[in-house]
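Got some structures for you, see below.
Look for chain A in each of the two complexes below; its partner is chain B in the first and chain C in the second.
Moving on, here comes the complex of A and B:
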């Protein structure tokens, strides 16, 4: 076997973490926002697929990738608001409705997306951070999409906003103790609906990243469970936006490790590497949810906790 | 009762006269209307496996007296049994093409036993006389011939002498393609290696893009694949300025610069044979196999990047394949651990079932099963 080039491997993992991790980042930020308000929206998987489809369709029809991103966000926001409104009705279980929303979202996206499998839409621009290098590999690894930077900025904004602004405090109050919020004159149902709609918007943008940048085309197998993994990732990140960023990068790298290792010649046990993101999810669940340990940082109103 | 007017009388007489003028069996064939059902596992415009089937189905749709019904995104579960029964009972389908490998056992077999008057022509399965019902059958193409030609062209065009292959799962059909591609390339230059990446499933776009990028980072300058939809791989390679060979259908439109050639299915041939047999009432051909010569597979036209030397070399091999003078798996063939798999002097012809059980990677493939 040929000698193994570790620098190439590390570069591939770094590039993969950013490329594969960006949609995780958006979806997990969206879910973080929703769960901070005390609701769980499992439907983000469906919203991700709708976002990918509508983003691609609008980008193709208008010839502008950014309009596509906007459309994807709006479609995601609309579905998120739908989830928020329905779950505000008495005795509606948000988890059950989330699962329904996965099915609805993927069904809608497959139905309307039929016509857009073939055509090629414009793709989102990226920023060439590696222009200084002569090595094509470095240049390609450091060509980072604009949406990733927007995601990082959003992470910082949310991190600050949740602890230092009135809106953030209201959201956290509603999520931790709805009765107190009601006593203070806030309307938990409205706050939660807005938070779910906002979360849907972000998940839709995450979908647009998939179809408009990486891998960069719309087809029906595009998501393959990434939306659901991002939901698990929020628990891993302990409902902290900053942790969401690290977790998203980690999950991105774990998705990239299988192909990267095989490319450099480490090819035994690639099924194990392919299963790594899922194994990681299980491990995180085990570590954070043992019976003698409560979920620290979990919003008190989550139906998981009640 | 309507009165027979002059116009309809003339029309009827004309039709009678025309059919009398035709040879008897042809007239009968064209007169018998049939309904044919196609079932796809994915979207029928996926630039891949399903598109190859759907393109051929569109040709069948144009045949006289043939009604085509189609259903896509049918999973390889009991759902396909329901689809087939719906086609038979509601649309009166007399011939069904369930096109995905996993449909055969147990689904096609079960429904075929229940409806003995309907024909089931499955793509990819191994129909066996006596074991499986007589109204079912399987057809498949030797697309490794196309992959060998891909390899010859890739071998000529590669500058780094490193090729990349993105594969879904290590099953015999995939390994046969990978090995044929590598043997083709090494027939040009024995220094060439192919790095293989298994993604683990038939359609994982993010993994496929990641695999393509990793291969390109490793210096591979011609990529090909065996996954359901090569679109992602071809687009990723084109973006990074690397050449590709296609698979399943033509992806030339996705990579106007880097697309070299491709191994494509030509399902029209077996489809047409089955429909003709049904219309003429001939018994069903239960086991159909074929390659370039039989018209079951074809190659994409050469892309603009392909050099004249590469074209000439590939055309020469293709010509001898068409004359049945060429065998891809001619001994000695070693696996990539150095053991002899096909002994010197042994020539495996395409119909040899040993090839349908392939479980090794030939010398020159970097990777493990």
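Moving on, here comes the complex of A and C:
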């Protein structure tokens, strides 16, 4: 095929942005919540894998995809709370502990996930936005998973919550200036632990999306750095939930470039296209970070801005 | 305090105290892992015996252990050296595979040379490649403030993709059918074993020597002292006029060069060509080794051998007890978590250490100072 069908390519990119971007959205919302409290959880990468495994396992055992999502969220929340509690101890580095959590989470998921590599668990339902069209490609591209809409709703909720509710203000205060929060009678360690647990819950749900919808089965190569890219994505999004949504879609689109090109018949350089999201993340970080200067919107207590 | 402790014992206590968090971390890990096995109805003592047997029980186990320890020492340095300057670099895996690839293609692109010269050329290529790759993370951090932990890991993912692309594409040996590889290394250039009765390649010696050199660098040289000032307090370092950016970059390049060298030995002594088997997780385990050794190059030698042993015992656990190979991954994860969590004790340890050192001087002085 000499000529590339651009409409197919664009459609595939749009569909891919949503399909690949949804887990990014959940993990980045989780990381945004955690970082608003002044801590970084690199362990979301490990939590994502645990969420994918436990979500798939529970969905298979109970035959209900939604119970799987709930289980994935709870497993993620538990690991997040673990990170929160241990990092509340003096002298424990949150970044280093996140790395340890990646190792532990991957180990746990691979250990307990061995039994679930073969069987087929139920998938999450999607909403057919393209039912009006006769073109099968359009229909498959516009079949959007329910979790994406939940993610968008959560984004709006977090945007409003962080701005206008007492809880949101307390979280931001703890993240910006823990001493003031303490002076007002709040307990920064507790608030941060709760925020990290909440972030873990969201990352777990993102993992469940991976195993229960797209790519849609549990295997050990399922997650490849999405959790870590989410940390970079939150920096790019300047700690704003709404920006997280756009950034997640952008990253999703970059991850969809390889498959989209394959759809129109270009298959060389597969690995290089698969590495696009990493390169994009690096580029975005390089362009958006500034040395010796705190980024606008960055929580003041974040160890990223030492 | 009314208990009388002889000064010598007090001094000994003060000396041994820094090891306390590590000892407690290992003890907790063993306990938690035993509970984990017990809960899965796996015979705990038998598993423990198997781990020991698979790691250090026979000459064969020792060979297997040391074979894994050699690259671990070098990838651990990739974490430990930048850590002296206050950086957390976790992208050693990428530096290792690209270093291995550079070493594998060097003999193809150079004219025939005596083996020793070729080894120098291969090592230089691998170290330059690894040093460049990790140096990139350090450069981006100093230049633009890009967080080096995330940056180095992203670079590592990119390195793996580039490696796979080259090995399965432009640099692939057409003769390698079901296992895409670069052209095999001529026999004359492959690195041999230390002795015919002990099958461990020279990479182990290289690892130990490089760790010893790193120890001299960080503990007994002016540059090493400058690294720790940068790592301890950047503002102070800038104030006394240290070239902070250059020092950070040097630690990154040296660390990356060590990881690249590990890749060279994996290619020249184990695999015989660059292929996907290079991506074996040595970079990741190296992070754990460095943290367990608290970034002390001499301690890295010991920790690498211990962790190499744990990883070597994985296949025995799999065969005898039917445990998945992820079991050692869990053990490593629990150990890592404990090592960091017990770090919380370090503040107290410092306090106790001063206390016991005071008591170690003269009994009277100790009593007066802490009355």
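To be clear about the criterion, the second predicted complex is superposed on the first by the 291 of 306 C-alpha atoms of A that agree within 3 Å, B and C clash if a C-alpha of one lies under 4 Å from a C-alpha of the other, contacts with A are read in each partner's own complex, and residues count from 1 in each chain.
The rule is simple: a residue touches a chain if its C-beta (ideal position, glycine included) is under 8 Å from a C-beta of that chain, and two chains touch if they have at least 3 such contacts.
In this text the structure is predicted, and so the values were computed from the model without any measurement.
Participant: Once the shared chain is lined up, is A:179 touching chain B (first), chain C (second), both, or neither of them?
Facilitator: A:179 contacts neither chain B nor chain C.
Participant: After superposition on the shared chain, which partner residues are touched by A:140: those of chain B (first), chain C (second), both, or neither?
Facilitator: first
Participant: Touch test for A:231: chain B only (first), chain C only (second), both, or neither?
Facilitator: After superposing on A, A:231 lies in contact with chain C but is clear of chain B.
Participant: Check the residue A:110 against both partner chains and state whether it touches chain B (first), chain C (second), both, or neither.
Facilitator: both
Participant: Contact-wise, after the overlay, does A:91 reach chain B, chain C, both or neither (first, second, both, neither)?
Facilitator: second
Participant: With both complexes superposed on chain A, which partner does A:286 reach: first (chain B), second (chain C), both or neither?
Facilitator: second
Participant: Should A:221 be classified as contacting the first partner (chain B), the second (chain C), both, or neither?
Facilitator: first
Participant: Would you check which partner chain A:118 touches, where first means chain B only, second means chain C only, and both and neither mean what they say?
Facilitator: It touches chain B, and chain C stays clear.
Participant: Let me test your reading of the model: by the given contact rule, A:11 touches which partner, first (chain B), second (chain C), both or neither?
Facilitator: Touch status of A:11: first partner only.
Participant: Per the definitions at the top, what is the overlap between the chain A residues touching chain B and those touching chain C?
Facilitator: 110, 114, 224, 268, 270-271, 274
Participant: Touching chain A in the complex: which residues of chain C?
Facilitator: Going by the criterion above, the answer is residues 88, 90, 140, 142-147, 149-151, 153-155, 157-158, 161-162, 164-165, 168-169, 284, 287-288, 291, 324, 326-327, 329-334, 336-337, 339-341, 343-344, 346-347.
Participant: Applying the document's contact rule, which stretches of chain B touch chain A when the two form their complex?
Facilitator: Interface residues on the chain B side: 42-43, 45-47, 73, 164, 195-200, 203-211, 213-218, 228-229, 231-232, 235-236, 239-240, 254, 366-368.
Participant: Write out the stretch or stretches of chain A touching chain C in their complex.
Facilitator: On the chain A side, the touching residues are 42, 86, 89-93, 95-97, 99-101, 103-108, 110-111, 114, 224-225, 228-229, 231-232, 235, 268-272, 274-275, 278-279, 281-282, 285-286, 289-293, 304.
Participant: Would you tell me which residues of chain A are touching chain B in their complex?
Facilitator: Chain A reaches chain B through residues 2, 5, 8, 11-12, 15-16, 19-20, 110, 114, 117-118, 120, 137, 140-141, 210, 214-217, 219-222, 224, 226, 255-256, 258-260, 262-265, 267-268, 270-271, 274.
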